[in-house]
Structures are given as structure tokens and as C-alpha cells.
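By written order: A, B, C and D. Residues from 1 in each chain.
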Amino acid sequence: MIVQNRMTICATRQIADNIIEMVLEGNLVKEIASPGQFVHIRVTDTFEPLLRRPISIASFDKEKEQMTLIFRAEGRGTQLLAAKQIGVEVDVLGPLGNGFSADNSAPGETALLIGGGIGVPPLYQLSKELTAKGVHCVHILGFQSATAVFYEEEFAALGETRIVTADGSAGEQGFVTDSLARNPVDFTTYYTCGPTPMLHAVQQAFHDKQGFLSFEQRMGCGIGACFACVCETQTGQDMPYVKVCSDGPVFPAGVVAI
Amino acid sequence: MIVQNRMTICATRQIADNIIEMVLEGNLVKEIASPGQFVHIRVTDTFEPLLRRPISIASFDKEKEQMTLIFRAEGRGTQLLAAKQIGVEVDVLGPLGNGFSADNSAPGETALLIGGGIGVPPLYQLSKELTAKGVHCVHILGFQSATAVFYEEEFAALGETRIVTADGSAGEQGFVTDSLARNPVDFTTYYTCGPTPMLHAVQQAFHDKQGFLSFEQRMGCGIGACFACVCETQTGQDMPYVKVCSDGPVFPAGVVAI
Amino acid sequence: MNRLAVELPGLSLKNPIMPASGCFGFGKEYGNLYDLSQLGAIMIKATTLETRFGNPTPRVAETAAGMLNAIGLQNPGLERVMAEELTRLAQHDVPIIANVAGSETEDYVQVAEAISKAPNVNALELNISCPNVKCGGIAFGTDPKLAAELTSAVKEVSSVPVYVKLSPNVSDITVIAKAVEAAGADGITMINTLVGMRLDRKTGKPVIANGTGGLSGPAVKPVAIRMVYEVSKAVNIPIIGMGGVTDADDVIDFLSAGASAVAVGTANFVNPFVCPEIIHALPTLLDELGLKTITDLIGRSHAV
Amino acid sequence: MNRLAVELPGLSLKNPIMPASGCFGFGKEYGNLYDLSQLGAIMIKATTLETRFGNPTPRVAETAAGMLNAIGLQNPGLERVMAEELTRLAQHDVPIIANVAGSETEDYVQVAEAISKAPNVNALELNISCPNVKCGGIAFGTDPKLAAELTSAVKEVSSVPVYVKLSPNVSDITVIAKAVEAAGADGITMINTLVGMRLDRKTGKPVIANGTGGLSGPAVKPVAIRMVYEVSKAVNIPIIGMGGVTDADDVIDFLSAGASAVAVGTANFVNPFVCPEIIHALPTLLDELGLKTITDLIGRSHAV
């Protein structure tokens, strides 16, 4: 169920250039159904900035009623959020959308998790769930440069982890798909989240594989009512369009026209 | 000189119903010239609420570079200000306007200081300066009710102090002018700050005395440029109007048409 | 006695609060969050004759205390709105105002005639003011003669009262208001969005794929209040006011300005529970103002 | 080379930033805070033939990310503006744009003729869009024929280039823009304020004594950007853009939309140092965008 919850910030720290890891506590966490779901955050109590910000749930702990978000403090809204201190309450709407399902990989299989920039966070909870059920996870994480890299150790603790940076200042140089072309991974299913060009390249590269992609789109309501976040579907799909907020953000490969 | 100063909140506490006493520190204090000057405060770093809020300087300490404001947290802006914690920086423009001058009373004379509600604060610094130079001060302070009363002891420490409340729940019942009619005070000069009807009544009651009144008006710029805060003057004055922000807020009795 | 009740042509409202068209879909999503029967009414999303996909994305952009949208009247078309959406809404005890859009008089008339026959549609809202589609009615919204003709044509076929939704992007809104009143409109809803634009800092190009978008939210409230005030003085038919309503205080303002009921648009995105929260807050506000019923507020600004 | 320099009819601007008329008085007060010679130009307060006291107070009210004002063109009148204000301003090395207001063509013409002869007045800004005075030119601002006639009349007598200040309260602003261009206007300044209203919660009456006021500030920026974009496509004379500018990023937006320079109004009240701060921030922003000169930004939004 979607709830509007004043959650308390119980930890917040910078983990890379402009990248904040924030832990929020509240009963909204009880409602989380799958990794890759997101929350819609009100960053102020005034009306400026007005709209909520969609942020993926990076991981959660239902016992403690805590979830972790990782976000880039870039524009007005995310900067205001980043400036909030421990103990402060934040108005959070969620959990929203349909995330990745660990059911798409069977124990013993290899899953390829490909993240780009702020697309990396939702893959963390997914990897935890997949590895917990015995799926072998390989992580290919793309960033701009060394100072933008985060969660390398966390992912490495779960499985093979490759860092790829655009400028080569950490890990391999290039795009995630370059790295995969150079050193292919044998896998059954891929899961990916990141900028649209990356999603596009990944989908093309692995057109013959089962895959799941998480999309971004500008949002209004976040719950499916305003039609701000639609994407056209590829020809042959049932619906002419999907809504990223309520039908997605995760879709099987081949559904969304990119 | 008028400066824009990020001042630090070094103390803040509620001293009556919705009334906050806040101590701010910064080099703006060096510029304060007279009691009754005010500052123009930006209550947020976003643009909502947009305008600065004019608040009188209740007292100041040039050594410590500290000043005290006393304000009612009523609307959006003052509520945001009241919610700020010790250590937070606030954007303050000031000191603005022309305040009361202690030079208008000679040592040994009696001065009558009449305040109403949030018009009381600026009289505090004035009384300190007057008593310091040997003027005998009598304070008549009007409030809505007992829970709205503040600074009774502070004023009492400086001179005779009468509390008057509209509902009679503290001190005498009625308006300040009722109290003065019942128990007249023998004085040379009066100084008053409060709601316009009170200023009007006081000016009428003491039309034969030298007096100084502090006015309120909605403001834009606070420095004399936008013509938001003009008041018509009484016939016979040099100028057809005055600006409360830069010509006032304090005017000799008889100048402003009320 | 229900202090919040308001009677309008075709609409017995238990309270004067309703979500604005396009900001609430067909009620399904918000219906998962709270009981829609609490609402005074629901203004459903614009319905056109055929399915419309709408504009390319991005379709929304944030602005100071507001937002731009250029959804482009995306909707499943008359047939499916009738068969699926209205049928589903029938389970809630809430009057429906159907927002009717089109590009030519004929479209409007066809949609109006059919949708006005749905058992739970109590009134139509003629959308002659959508700024986001090429032939989306904006011409009807800025030309009093066209507006009047369309109103008459729709009135002729509609089985329920017809409210006309006015555009604020005009030199004198009272001219259009009077024209549609003379043409038989039963009420007016206002305001639709102001045309605005936001540019991307880096590229200098519009953020919204459509170029311009409609500005809504708190930023536009002073314009909306002024226009409701003007129109309520100029016409004798009731007004459903909107534009930047975020709380019960804003509702007081719109009623004082001359509206008889109030719609809430953008604020639903900021706080999905805003409509029921406003409804619950109103009685206390009436008490504070010393008023018996909500209708006592209507047009307070006009009194001398 | 000065990367920020902009050449406009009558105006050699060292940078494209100037305070907007009515938000800076005659420069005296802000001149106490910083050196006015830093500014690209100054748009001085509206000057009328006779002294005007203006409207009753309250004259301003706050709104979401904006404010309403109804100052009512208070000014000391042509004679004293010439003798006192312009003389004082002459000590600063900064071009002056004199905002000319009136109620009839004759007033405008008289003020324009006289004030355009002041040695430091480099251009006129014809205020045909003040929403706050009964006969304050708003009729000129909404009727293309009247606007054109007034422009011609003023052009005939003015010793300096004439910019016409447009009202956003119109159905199609390009019509007025084209009309004044055809009538000989050397440039356009836009936008003046949107007409708005705020009511007092308790009484339901307008907060501003005048009833309505002009809306300015960040709230109106999307409308201003859209209109600058439209007008810059419709005319070949330069535009000085304004409406909600608060920082250097906003300046980028206005130039990208098609303005050649930018005026800052309401933001002066929020931050009295906003104009010099913007000027100092611009070179870094140009670097970030990889641009050599500020003029490279002009009209970026139009490129395909």
C-alpha cells in the first residue's frame, strides 16, 4: 500500500562527489514490496520547490523500519534534501511503482547487474536478494570518474564487481557496454538502471537475453494519475504507452520504446 | 550604514504566547544608531515566502555585537523565523530607518513610554538609554491578555511600569489611554509604538505634549526605494508624504496623518 | 444540517471541494489512497472522441511555486472512458463533472451528448482553454463569439448542466464569461493554466518537449483570485474556482472572491491527501470566522 | 574585450543587467549600498507630468514566490525628476532609461520630449502597461492601434530611442509587439506585471487598498520567458526582458529566450545587492557554458 509518511532521518553522509547516502526510518518501510521501487520525497514544507523528487530505494530493513536512499545533490530540491540533518522529519510518499523481481533468476544462475551513476543504488537491494537466494551476481557499475564512485565494497561483498569510469580515473575506462564487450560475462538475466542511453546500449547488446530495465522520467503525481511520465511502447505491445511511475519504473526488455 | 549581514542566532526562546525573543550576533550591530531602528529579515533561502520581514531592534550590545529582537510568530514568515535554532545564520538587512532619540528628553525630566503588543520591544532600548542619562521613565504597556505579557520585569527594573490588558487578565483592564485617563502621569515627552489606533488615541490624548510615534506599514524594499510604505502627512507639513522605512518609522507627533 | 453543502446546477455537493480535471485521472489512483465519496465532486480528465496519446515527454517542469505541464489531453477516448472509467467511478457516492475536449465543434458535441448520458455524470465542463494542443480548444477560449457558439451547440445536446472552463490567457476574461453566459452556460469553471515556458540552463532549449506548457500551482493563485472576482461581478451564473489551491485557507479566498465551489489541481501531486484534509479543516475555519455555513463566504470580497 | 558588453539602440551597456523601473526609485537608496556605475543601465521610476501621490496603502502584498504592488506611479513629477533626480544620477557613469507614464497621449508626449533631452537619459521606456492606475496607460497596452499611435507620437518628439514596455495581460502579446515595432519603436521591454489580487483571510476583502495589484517576482518568470520567446520571434527590434529574475541563471534563461538585456525588479527587495552579484557571476557562467561573450546566448532557444 502507498502511504504518506513523515520519516525521520537517522543517518546521512556524503559517500562520493555530491552523492548522499541517507537512512530514513518510518512505517512506510513495511510496505516495500521489491527492490527498484521508489519513493517520492517532499524536500520542503513551503511551496518552493513545489514538486516531490523521485528517489529509488537502495536498500531496506523491515525489522528496523529503515531504508537507505542514495542520491545526487545536484538541483535545488536534492540540495535541500542533502542539507537536512539527522533527526529531521521528511515527508515521503511510497513505496511507488513496480521494482525488480528476484523471481526472474533461479538459484545457481548468473545475473548481470549493470548500473550507471545514480542508477546504481536500486541494484544493491536487488543484489542482496538475488545472492540470498543463491543467484550468482556480477556487477558492472559505471561512473563519470573516480570521485563519483560509491558502494564498490558493498557490491564486491556480494559478487564480482567491475568499476568502469568514463574518464578511466578508476577501474576500466569507457562505458559499461565497452567493458562487457571486452570481457564478456556469461549470464542468464540482466538487470539494469541508469541513464537512457546506457539502457539503450545494454538492451541492444543483449537483445537475445532476458532483461529488466529501470527507467527515469519527469514526474508529477508519482502514482499514475497525471500522465506526466508516460513512455511509448515498442510496436506489438498491448498498450500504446506505459507510465513509469505506476507501471514501472522497471520493465522487461523490449517493452518501452527507447 | 546599512549592511546585509548573515547573523548567527545565539539565543531564542518563547517569552509569551507566540512571542519569541531572539538574540542575533553579527557586525550589523556596530551600525545601529538609535533605539527604534529596525532590521529587515529574510526568513528563508528559497523564494517562498519572498519578502523580508521588518522587525524592530529591542535592544543591543555593541561590545558583544549582539542585538535582541522580540517578535510575534503569527504568519508564515515569522513562524519560519521562530522555528530556527541556535547556531543558524539569518540574512539580516539593517539597521534601517530613524529611531527614537534619547536627546529629546533632558536629564531629570519624566518621559512616558507607551507600548502596545509587539510595539513594546523598541521601547526597551529607549528606556535603557533614557534612564542611563538620568531621565525618569514611566512605562505603560498594553497587551491583549495575561498570556501575551512580556518584559514586565525588565521594564520595571528601569522605572515605574504599568501593565494594561484588554481583557483585564493582568494589570489594569482596558486600553493604555484608559489607564492614563484614570491615573494621569506628569511627563514632558512621550514615546510610543503600537497599533495605529493606539497611536491615534495617544496622540489625541496628549496633543499638547511633545511626542514621538513609531509607525508600521507594509514594506517592499525597506530602504526607501519602492514607495510601498508611504503615509500621507498632516496638512501643513513640508512633504505631502513620508516613507515609514527610511523617513521613519519614528516621527514627531503631528507629522503623519492618522 | 451540513454546513459545507453547496447547491449548484446539476450538483448537490456535500462540500465545495473537488479535484481539478487532469490532476486526478479518473479517480482510480487516488481512490486507492482514500475514500472518494468524501469529495464534493470529481472533475475527471479531459475526454476526447478518439484515444489520444498526448504530447512527447518531458511533459512537466517545475517553476517557482508552480509547475508547467503539457500532457496534451492524453486519454483513452470517449468509448473507453464511458465503459471503463465511469463505470468504475459509479461505485463511489460522488458526483462527476466530465471535462469535454475536442478540436472542432463536432467533436465537442459528440462527446458531450454521449458522456452527458452516463448515469453518474452530473455536469459537463467544456474545456475551451487547454493551451497544450494545437487545436485543443484554445481558439474557442480566447474568442467570445466562438466560445458562445460552442456553448450553444453543446447545451443543445447535453443532458446535464454545462460549465465552461475559461482560459486566463486573455485581455479581458469577463468578455468571454458574459458571452458563454448569454449562450446558456450553467456555470463557469476557472482558471485553466497560464501559458509559460522553462528553458534548460545548459542548452537554452525548452525543458518541455512541447515548448510551452500550462502554468499551475500556488504561483498563479493571485491571478486566479483576481479573475474569479472580476467574473463573479460580471455574470450571474456560479463559478467553480481553481488555481493554486493548497489548503483550506485558499478555499476561503476563492469563495470570498466569488466562487461557489473550489477545485484542487497541482496540490494533489504535492500532497495526495490534500482534498480530504481541506474538507476536514473547513468546519473549524468557519468557526474561527464566526460563520454558520460555507455559503456565507461566497462573494465576501464584493460587499462594500 | 568586455565579454558582457551589449549594444542596443541608444545604449552601450557594459553588461546586460539593469534594475527595473519602480523597483529602484531614482537610484539614490541603492546608490548608498553600492557603486551604481557597475550597472549596465538604470531604469528609473515612472515619471509623469505632474507630481503623483499614488494609491492608498497597503500597496504591497506577498504571494507565493511573488508579490503584488499597487504603488500607483507615485513620483515627484517631470520637473523635479529632471532637476533633482537626473542631476544627481549624472555623477554615476551609467546610462539611464527613463520610464514615461501618463494618462493621455499629450502627457506622454510632453514628458517624453522633455526628459529625452536630459543629458544622461539614453533611452525612453514607454510605460503603456501599468495596471495600477485608472488611466495609467493600460488601455494603450492592450489595444494595438492605441499602442502604435502613442509610439509614433512619442517617437516624433523623443531625442533618444524609444522602448515600449508591454503588458502581459493580453491574449496575444505579439500583436502589440508588432504594432509598436511598425510604429517605430526602437526596442521592447517586457513584461510588466500580471494583474492579481490577494484577499485578507479574516475579512475576505482585498489586502491591497487599490483592490488589484501587479504580480511580479519568481512566480511570473515562466510567463515572462514564454512571452519574450514569442515576441523575439515576431519582431526584429531588441528586447529587454524581465519578470522574476533573481540570479545569473535567470539571466541566462532570458537571453536564451531572445532578450538582449535583462532587468531585475522585485529581487532587489529580497537582496539589495542582487544586481552587482549577478554581474559578477556572469563570466563564470559563460565559462561553464563554453561561451565567449554574453551575446552568444541571445536567442539560443530559437535555434533548431
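The working rule: a contact is a pair of C-beta atoms (placed from the backbone, for glycine too) under 8 Å apart; a residue touches a chain by one contact, two chains touch by 3 or more.
Note that the structure is predicted; figures quoted are calculated from it, not measured.
The set of chains touching subunit B and also touching subunit D is given as A, C. Taking each chain's centre as the mean of its C-alpha atoms, the one that lies farthest from the centre of subunit D is A. Two chains share more touching C-beta pairs than any other pair, namely C-D.
Computed from the mean C-alpha positions, the centre of subunit B lies at a distance of 46 Å from the centre of subunit C. Note: centroid distance subunit C to subunit D, computed from Cα atoms, is 34 Å.
Inter-chain centre distance (subunit A to subunit C, centres taken as mean C-alpha positions): 36 Å. Taken residue by residue, subunit D touches two or more other chains at 63-66, 217-218, whereas all remaining positions touch fewer.
Within subunit B, residues 47-49 each touch two or more of the remaining chains.
Chain contact topology: the protein chains form a complete graph, every chain touching every other one. Residues 47-48 of subunit A touch subunit D in their complex.
Per the touch definition, subunit B reaches subunit A in the complex via residues 44, 46-49, 76, 80. On the side of subunit D, the complex with subunit B involves touching residues 22-25, 28-30, 32-33, 45, 51, 53-54, 57-67, 69, 71, 74, 217-218, 246, 266, 268-273.
Against subunit D, the residues of subunit B that register as touching in their complex are 1-2, 4, 42, 47-52, 77, 93, 217-232, 240-241, 246. Touching subunit B in their complex are the following residues of subunit C: 64-65, 218.
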